[in-house]
Amino acid sequence: MIDAPLLQLRGVTKRFLGVTALDGVDFAVRAGEIHALLGENGAGKSTLIKVLTGVYLADGGVLTLAGRPLHPASPKDAEQAGISTVYQEVNLIPALSVAENIALGRQPTKFGLIDWRAIRRHAREALARLEIDCDVNAELGSLSVALQQMVAIARALDLRAKLLVLDEPTASLDEKEVAELFKVMRRLRAEGMGVVFVTHFLDQVYAVSDRITVLRNGQLVGEFATAELPRLALVGKMLGREVKDEAGRTAAAPEGTGNPVTAPLLEARGLTRSGAIQPINLTLRRGEVTGLAGLLGSGRTETARLLFGIDAADAGEIHFKGARVEFGSPRDAVQLGLAFCSEDRKTEGIMPNLSVRENLIFALQAKRGAWRTLSRAEQGKLCDHYIAVLRIKTPDADTPIKNLSGGNQQKVLLARWLATQPELIILDEPTRGIDIGAKAEIEQLIAGLRADGLAVLLISSEIEEIVRNCTRVLVLRERRLAGEVPAAELTPERLMRMMAEAHA
Amino acid sequence: MKPGARRGGRNLSLVVTAVIAVTLFGLASFFYEGFFSPRVAVNLLGDNAFLGIAAVGMTLVIFAGGIDLSVGAVVGFTSIFTATLVSGHGVHPALAWTLALILGAALGAGMGALIQVFRLPAFLITLAGMFLARGAGFWLNTESVAIAHPWYEALANFDLALGPVHLSATALLLLAVVVIGWGIGHHLRFGRTLLALGGSEQSALLMGLPVGPTKIAVYALNGACAALAGIVATLYTGSGNPSMGGGLELDAIAIVVMGGTLLAGGRGHVLGTLLGVFIFGTIQQGILFDGRLSSSWMRIVVGALLLAFILLQRALVRRR
Amino acid sequence: MKAFAKSSLGWLCAGLALLVVYNVWHHPDFIKITLHDGHLYGVPVDIFTQGSRTMLLALGMTLVIATGGVDLSVGSVVAIAGAVCALLLNAGHGLVVTITAALGVGALAGVVNGVLVARLALQPIVATLILMVAGRGIAQLICDGQVIVIANRKFDFLANGFIAGIPVAPLLVAGLFLATNVFVRRTAAGLFVEAVGDNETASRFAGLAAARVKGLAYVFCGACAGLAGVLWAANIRAADANRAGENAELDAIFAVVVGGTALTGGRFSILGSFLGALLIQTLATTMYFRGVPPAVAPVPKALVIILVSLLQSEKVRHWAAGLGRSRKAAA
Amino acid sequence: LPGRAAETKKPLKVGFAQTGAESDWRTANSESMKSEAAKRGVDFKFSDGQGKQENQIRAVRSFIAQGVDVILLSPLVETGWEPVLREAKKAKIPVILSDRSIQTSDDSLYVTFVGSDFYEEGRMAADWLGKFTGGKGNIVELQGTPGSAPANERRKSFGDALKKYPGLTIIDSQSGNFEMSGGKQVMEAFLKKHGRNFSIVYAHNDSMAHGAVQAIEEAGLKPGKDITIVCIDALRPAVQAVVDGKINCVVECNPLFGPVVFDTAAKILAGEKVPKKILNKDELIDATNAAKLLPTRKY
């Protein structure tokens, strides 16, 4: 019974201009299993999913679902066939309410008219199942990315499907949410549903999945039972080479303790914005990686936005290199040598139709102004450098960035800021959606930046990442500073305790 | 996209618009003797009936992130088409109206199909639709044609008295269309799909919404609305005129936006459009009551009032 | 060459060529250019001369549309600038003062639009609709509702004169197109405009003064409209506040969109806008030549718009490519 | 009705629904009404219809709501006025049509029409041409805005009157939208398309004739000599052009209605009977009388 595949893909091929994203891939998911789909950035995971759900038309191959041939021409077809999907980028409607986003397209009706009360009730139930407490009447766009992600998951779960597809659902979630999600996934597995799960977190793979399919460069590497594939072997399959230690662990833990205390580069005193963050003091120094930890909605992103001049503070002051500064806009901050890599790459990061090159050099060019144009040669050099260093997978620098896989887009954005050679860089979830190999490289990069004397403010929902990289961590709780942990005392347990105290 | 939960934003802007509308009417009543009368208030509906009907259709198209420049020309075409059939060929008005509505919807559907299937810019295609409809109208007749038919007489004399308020057939039709539009926009799946489409077409597609059919349908619906507006124009004037509705599309768009609907799509309210009609009418009525403005000053004052209104609305909604 | 055929501009050129061939078919003289009184004379010359105003408007409009906006007020700005010209020239001021003033007035209108759109974040159609309505009134106020005849014969030279036998207006416009193109492509200005149109938030977060870029686009557009107003007035040696520039905004937007710049903003093509404006003017001349009754003239215009749009549609080009391939396979 | 204004001791209240401000002729027309109203101390409500019939209907209805004593209407088109004029009749407000008349089966909807005889204008132009050219020649016509009443009327009346002169034929006709630049553009195209195959231009208004003059000059021809130009309206610049010999003949369409209209209104309110049609005396201006008339032109 278990072995009869629910979903079967045979020889699926998908070509884009200049790229073969999928090359004769076979893929099978059985009912009642959680199947992890793994691979590096740009390996073809999202493309596979989009072929499956009718977003793209495959150039070759056959699909069957529950024994019947599947020819989805649109996501609607796939949905009707019993496939429910959460895509990599949040694909909901920001201007509509949370409740409506969950119900859209299948709203309950009474006498042909939409039953709004039922929609709200239903949404509350759907969110409660994920243990999320959020106002269902709120506009979706006003929520943080993480919450939006949870809403998208709630919407997908709301559909009585045979197959649930989750493309990097946990990239922006913190531990508590991830745990809730896993509970639900296990329950669905028990109910006989097939679940496809894409992630770059190997811990999560081993925590929930039964089986693993690995893709590399659009080709199938193999299908394995999770229990029979050790971590190191898995990483080897993904990267296509033998690895001694798991790539994610190679970054050397920073030896922050011994650092001599340098003069503060940036100091914020009593920075406040009503509804966003209570008065907060923080000091960022050269050669330090300061972590900003906290639960979802604890105010980390809000703090970063204040520091970077995106939102105006109600009170408080910022001193940069000892002088008082006012950031009226991100431009002011960039001019002084700050950089801010936003967590929301789709709406705040990429310029989708512009090329990788233009996206990459953009911040530097904006900093220099319209007249001091970077020559084509300089641009090319920058692009070549970062494409190589960050291993950005793109046919060439003139491809529109929207054609890149999510993780590669993220790398371009990182490169955009590194190219400005900032003195202080704020990284809000910089490794979201980035594969383990690249993640290790980015962590090495952070260490390098620190060694070069930059100040780094690192925001991450991944506690391990904070612990690995930071020399000092500020913990936020419910929009106020809850405390500071020096490097010497930095352990995941300690952080978690501080982050959660109020909940306990 | 600023964080910070925005709740009931839509209703707030609706309330603000309503408050401004009433204030504007109050101010005009204060300044101009005789302005504050049921007759003037009802004239606001009756005089703007066909503009309002076209604006309701436009609202739905704008919900979906589209635009339709052809409505004014369709009003003109329908008007002369109906008149030609009824007066020139002795066709019964009921049949003429049906044909006109079908033609309007067909033109809309055609434009929608071009926009959707070939991914052509709505602006260009509906501009072509505008030329097509205008040319077709003039081809039928370059001059206006009077309509003489008992139905028209009866409808022109129709008058629903509710106390001191006398509602004409066209005013009632406008109200009916607003109610139907409101029902479609806010209580049918179709309407919500429109908003989703306007919010993000790609997301709507990934969410499994019927993007293509919905888009074509909304243009067809708007075409029918424009045709209905043209029919109402013949009722209003008792004649058909191929140059009717020149520039009406811009007025309709302005009204939709005044009603608080986002031109980029995805956010708005049909009832806001009714308020927009009310505000638009009040400004015009106020200028008529004043009666001292020369042609040039009239334009300047209309522009200034428009600006003042939009800035006020914005300031109030922002403040909350 | 292949890249050109693939780009939408290639298809726009094909559409234009088709139109010209159709005309020549019926009127071989359509493309005849002769020397007449020492200057070029012929239909193509007229098309370029009469089209120069729309081209100029399209040039400014291109940048505005690329930032994701639109400027409906250009027609009214044309009228205002024309009125200002008449006022100053008839008061005895020189050409330099006059043209500077007209440009200044146009730029000022652009500043107003820019502030409304970029600083106050009004929706562009509505923000510029305000000046479209009020601007016409202002122009009428300046002219007192009359058509003011301009006596200065030197002024006339701008629109109807010739330099080395070549008409001045198209020369001027071509020069401006070139200069603008060089400016936006050689400096980062073009990149900034495209970035703002593609994703304004992202460009702002990356340290661009997005509002300033947007505002400047409107100022440029206003200045172009001001200059177009000068040409308009020079062309008829009079300022017609009531009618000058009427519906010109639609033509300009049409030219830009046909030229391959999307109304949603982002990538823009200055050459495309030029060709788009050329197409419009050729179309108008075609109507005169084919003797299409003016009342139904909009119909063929509509058909050409649809045809050209379809030619540019990726889907149709895909089909065409598919047909070509299958034919090659059959052969 | 008579003595109504006197009873209330209020100044006479008159509403004027103008078509718009599409040309200088129209502006002159509005101005004449306004200045006459000011002279007589009338409470004058002016409305600019911006070229839209619906705006004019709205204005008339508003005048009714405001309870004016007389309504003046320059109808943009001929039909479509019955419903609103019936309302005016119900409210017992006399309506005077100015400039253009309307088509209606019910003559009692308006009291009188004051204006020019369009039919006469076309005929005058045609007759003048017949005489001037000896009844021979090819004509190109510059039409006004398609669908507008003056364009329709001037085209029809001229065409009808030409039937008397079989030697005069219209070989081409395009719209210059009543605009100077439109007239110029169309003329340029005509010159290239027909070469010297025509010798007469008939323009529906002054502005297009001015545009045509420029196009002809730029083609190296002499307007008024090589090509005969006839147009309608006769504002000051056109009369000047006749004096200069660039335009051969203009048929006057006098915009200065104010005095007549207000005289008529006063008569109506005093209960006097007025004729159903009061026609302005329109003149024909050509080389013979232009110089004499020029100084008397106000517009």
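In this document, chain identifiers A, B, C and D correspond to the written order of the chains, with residue numbering beginning at 1 in each.
Going forward, a residue touches a chain if its C-beta (ideal position, glycine included) is under 8 Å from a C-beta of that chain, and two chains touch if they have at least 3 such contacts.
Note that the coordinates shown come from a computational prediction; the quantities given were computed from them, not determined experimentally.
Student: Which chain's mean C-alpha position is the greatest distance from subunit A's?
Tutor: Centroid comparison gives D as the farthest chain from subunit A.
Student: Quick check: how many Å separate the C-alpha centres of subunit B and subunit D?
Tutor: Centres of subunit B and subunit D (C-alpha means) sit 33 Å apart.
Student: So what's the Cα centroid distance for subunit B and subunit C, whole Å?
Tutor: Using C-alpha averages as centres, the distance is 30 Å.
Student: From the C-alpha centre of subunit A to that of subunit B, how far is it in Å?
Tutor: Centre-to-centre distance between subunit A and subunit B: 44 Å.
Student: Would you please write down the residue numbers of subunit D that are in contact with two or more other chains?
Tutor: 21, 27, 30, 146-147
Student: Which residues belonging to subunit B are in contact with no fewer than two other chains?
Tutor: Subunit B, residues with two or more chain partners: 1, 138, 142, 262, 294-296, 298.
Student: Could you pull out the residues of subunit A that touch at least 2 other chains?
Tutor: In subunit A, 347-348 touch at least two other chains.
Student: Output every touching chain pair, sorted by label.
Tutor: A-B, A-C, B-C, B-D, C-D
Student: Would you mind writing out the residues of subunit D in touch with subunit C in their complex?
Tutor: Touch list, subunit D to subunit C: 21-24, 26-28, 30-31, 143, 146-147, 172-175, 177-181, 184-186, 188-190, 192-193, 207, 210-211, 214, 218-220, 237, 299.
Student: Which of the residues in subunit A end up touching subunit C in this complex?
Tutor: Listed in rising order, the residues are 308, 310, 329-331, 333-335, 340, 342, 347-354, 358, 362-363, 365-371, 373-374, 416, 420.
Student: Give every residue of subunit D touching subunit B within the complex, in rising order.
Tutor: Those in contact with subunit B are residues 15, 18, 20-21, 27, 30, 34, 44-48, 51-55, 57-59, 61-63, 65-67, 77-83, 86, 103-105, 146-149, 152.
Student: Could you list, by residue number, the parts of subunit C that touch subunit A in their complex?
Tutor: Residue list for subunit C touching subunit A: 186-189, 191-192, 194-195, 198-199, 201-209, 266-267.
Student: Sort out for me which residues of subunit C touch subunit B in the complex.
Tutor: Residues of subunit C touching subunit B: 72, 116, 120-123, 125-127, 129-131, 133-141, 145, 201, 250, 253-254, 257-258, 262-263, 295-299, 301-303, 305-306, 309-310, 313-316.
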